[in-house]
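Heads up, the next two complexes both have subunit A, just with different partners, subunit B and then subunit C.
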Partner chain A sequence: MALVGFLLLAGAAIAGALGVVLQRNALYGALSLVGVFVATAVLYLMLSAPFLAVLQLIVYAGAIMVLFIFVIMLISVRYEESGESAGVPGGTKRYTAMGLAAVLVILFSILSFKMALTPSGTRSLGGITELGLALYQKYMFPFEVASILLLVAIVGALSITRRHGRGLEGNVAMEKEV
Partner chain B sequence: MTLGWWIEIAVKVVLVFFVVLTGVAYISFAERRILAHIQSRIGPNRVGPQGLLQPAADALKLMTKETILPEAADKILFLFGPVFALVPAILAFSVIPFGESITLFGREIALHVTDVNVAVLFILALSSIGVYGIFLSAWASNNKYSLVGGLRSSAQMISYELTMGLVIVAVVMLSGSFSLVEIVHAQAKVPFILYQPIGFVLFMIGALAEINRTPFDLPEAETELVAGFHTEYSGMRFAIFALSEYANLMTVTSLATLMFLGGWLVPWPSPAWMAPIWFTLKVFVLIFFMMWTRGTLPRFRFDQLMLFGWKVLLPLALANIVITGLVLALLERS
Partner chain C sequence: MAPSPALFQVLAAVLFSIGVMGVLFRRNILVIFMCVELMLNAANLSLIAFAHTLGNVDGQVVVFFALAVAAAEVSVGLAIIIDLFRKKGTVDVEQVSLLKG
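This part shows the complex of A and B:
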């Protein structure tokens, strides 16, 4: 039962990932990525990590991908325009990509062997209580540092993109133009 | 996982599905009658006694109508878009509890399909997935009114989801659990609306915006956008949008009932089988309130909507969390 579920979900995730790379239409590519996120979320659920699964849905599928698709829709790249980039890249590009892929495969197989050796199911990683305790007690300082870092990034992005001489009203006017 | 377990789950799923779809049909009917009453009209009263068979007639009509496929539309997404809107809307009911457990045929049956310990977050996640249905259909229609409607809708849903999420944080701080059953149990003495009056108001405003209802129905503002994201849709696919909209209405009002009004609990003793009835009554009060707002309030302007969401609701929700946390910490110390 669990194996069938895993195979189905893993298959869906891999198919989605292939879709991201192979789709010509940028919007379909983005949607395939959403499919990958949803499939991995359900995988997390099967590994009894419901909190992680829901976060995956809210953050990746719900927030980040929505922004991606927003951008794709607004600049309306319907289909890949030029035929030049369609072919297989030659020379160094090709070998670099193949080398990187080989490194990834090796790394993943080592990692999954390591994981398989440690007994699974003895400790609960995905429980919301454990996660909360770990974040707010053991890793309190790194957690706060990370959140301040994110805040700084937001403020920085705003101050860079905001046009000088145009206040908030300018931004509102831009929204109206959209 | 015995056979009995499978049968129980299957029966519950079918039952919830049936209740949601019938509920949705009759909420749409109730809305037409109530709005008509507010506007001094009569409303649909021809089909059956008091027009009670109107939803059936509507369903027949919509199912037999032709699906018009616009020439310039993205075919696949246009046809599947409404499905993305409906599935999350109905899926949300899998985690909504209607009461405690009852004993039936010698089995103890819990009155919910499943009680996951992250139920509240699960519903939030589903509502953020629901955005896809709207704006994929909008984009696939290849119509500027649809696109503007879809953009407005997603911008508004993302902004107001934040407020709703922060209000939920305060509720979870009070109850100490993300499970909806536990949240209701935590209100055995006092419903959270008394502890969180501001939270409740913020949640209801956020909910109105989240499900695109007046005064936040800009995505389908007919005076400027024809019908917004579903301008190009007809027949059953149009009906699916209506269905998912009313299903979402049921979800947010159920969530508000569970988190603020004590769910199925009532201050007087009542048998376990009465629980779903109390729950439904509370939900219907909230739904009526939302219809009332629709009949009363005019529509926001889009920039007003954004400013209101980000500059009024969000700071209030943050302050609500801080105050709740402070009070809880002080109580714990004393």
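This part shows the complex of A and C:
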């Protein structure tokens, strides 16, 4: 039963990932990526990590993807990759990509099967209690550093996109496109 | 029957490989960025699967921090992309090769 669920979710995740890579329109790619994130969130639930599953939905599928879709709408709805650059690349590029993917997958598979992983029983693991205890005791310092990192990211994003000089100076490209 | 832990690792490897392919062979910088997110997500899945297998909550803590870093990375990265588009009028990486010499 759980195996069937896993296979369905894995299929959905892989299909969504292929959608991200192969869709010509970046907006459809973003929607596929939301699908991948939802599928992996359910997988997190199967792996006894309910808190991270919820966090994945809120942070990734919610906040981050909304930001992505905002930027795609702002920039590149009309800009679609033209000609052969779109979708599946042809010739040598395609074979290189397939070979690379095959090597990676085989390598990872061999590695993870060799390690003879066995599940460690059914004790609950990723509830808010355990995670919170670990976060606020063992990982207190990294936790605070992460908050500073987020603050710096906010300031950085604002200062990068701030328009230099007055008005629309240095904004030729945007005017030409819109 | 529960799926074997190795299956989760294989799924993470497949997702990661697809992300690598996207980064290598797409030219739209937004799509490349989304593929990077895909790879991060695959790594997170692998970490959570290992945490489950080993019965240890540390892997989940790492994923928690990876989420925070990913949020920061996306906000700064998208800001750079917007600035790039303002200056260059394109999101095609082949046409933005200032540092190529």
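In the analysis below, the second predicted complex is superposed on the first by the 122 of 178 C-alpha atoms of A that agree within 3 Å, B and C clash if a C-alpha of one lies under 4 Å from a C-alpha of the other, contacts with A are read in each partner's own complex, and residues count from 1 in each chain.
By our rule, a contact is a pair of C-beta atoms (placed from the backbone, for glycine too) under 8 Å apart; a residue touches a chain by one contact, two chains touch by 3 or more.
Here the structure is a predicted model, which means the values were calculated and not measured.
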Greater residue coverage of subunit A in the superposed arrangement, subunit B or subunit C: C
Which superposed partner A:L43 touches (first subunit B, second subunit C, both, neither): second
First (subunit B), second (subunit C), both or neither touched by A:A63: both
Touched partner set for A:M73, first subunit B, second subunit C, both or neither: first
Touched partner set for A:F141, first subunit B, second subunit C, both or neither: neither
Common interface positions of subunit A, toward subunit B and toward subunit C: 51, 55, 63, 74, 172, 176
Sites on subunit A touched by subunit B in the complex: 27, 31, 34, 38, 50-51, 54-55, 57-58, 61-63, 66, 69-70, 73-74, 127-128, 172, 175-176, 178
In the complex, subunit A residues that touch subunit C: 1-3, 6-7, 10, 13-14, 17-18, 20-21, 26, 29-30, 33, 36-37, 40, 43-44, 46-49, 51-52, 55-56, 59-60, 63-64, 67-68, 71-72, 74-76, 79, 81, 85, 89, 93, 96-97, 100-101, 104-105, 107-109, 111-113, 115, 117-121, 123, 125-126, 130-131, 134-135, 138-139, 142, 146, 149-150, 152-154, 156-158, 160-161, 170-174, 176-177
Sites on subunit B touched by subunit A in the complex: 74, 77, 116-118, 121-122, 124-126, 128-129, 131-132, 135-136, 139, 147-148, 150-151, 154, 158, 178, 302-303, 306-307
Residues on subunit C engaged by subunit A in the complex (per definition of touch): 1-22, 24-28, 30-31, 33-35, 37-38, 41, 44-45, 48-49, 51-55, 57-58, 60-61, 63-65, 67-76, 78-83, 85-92, 94
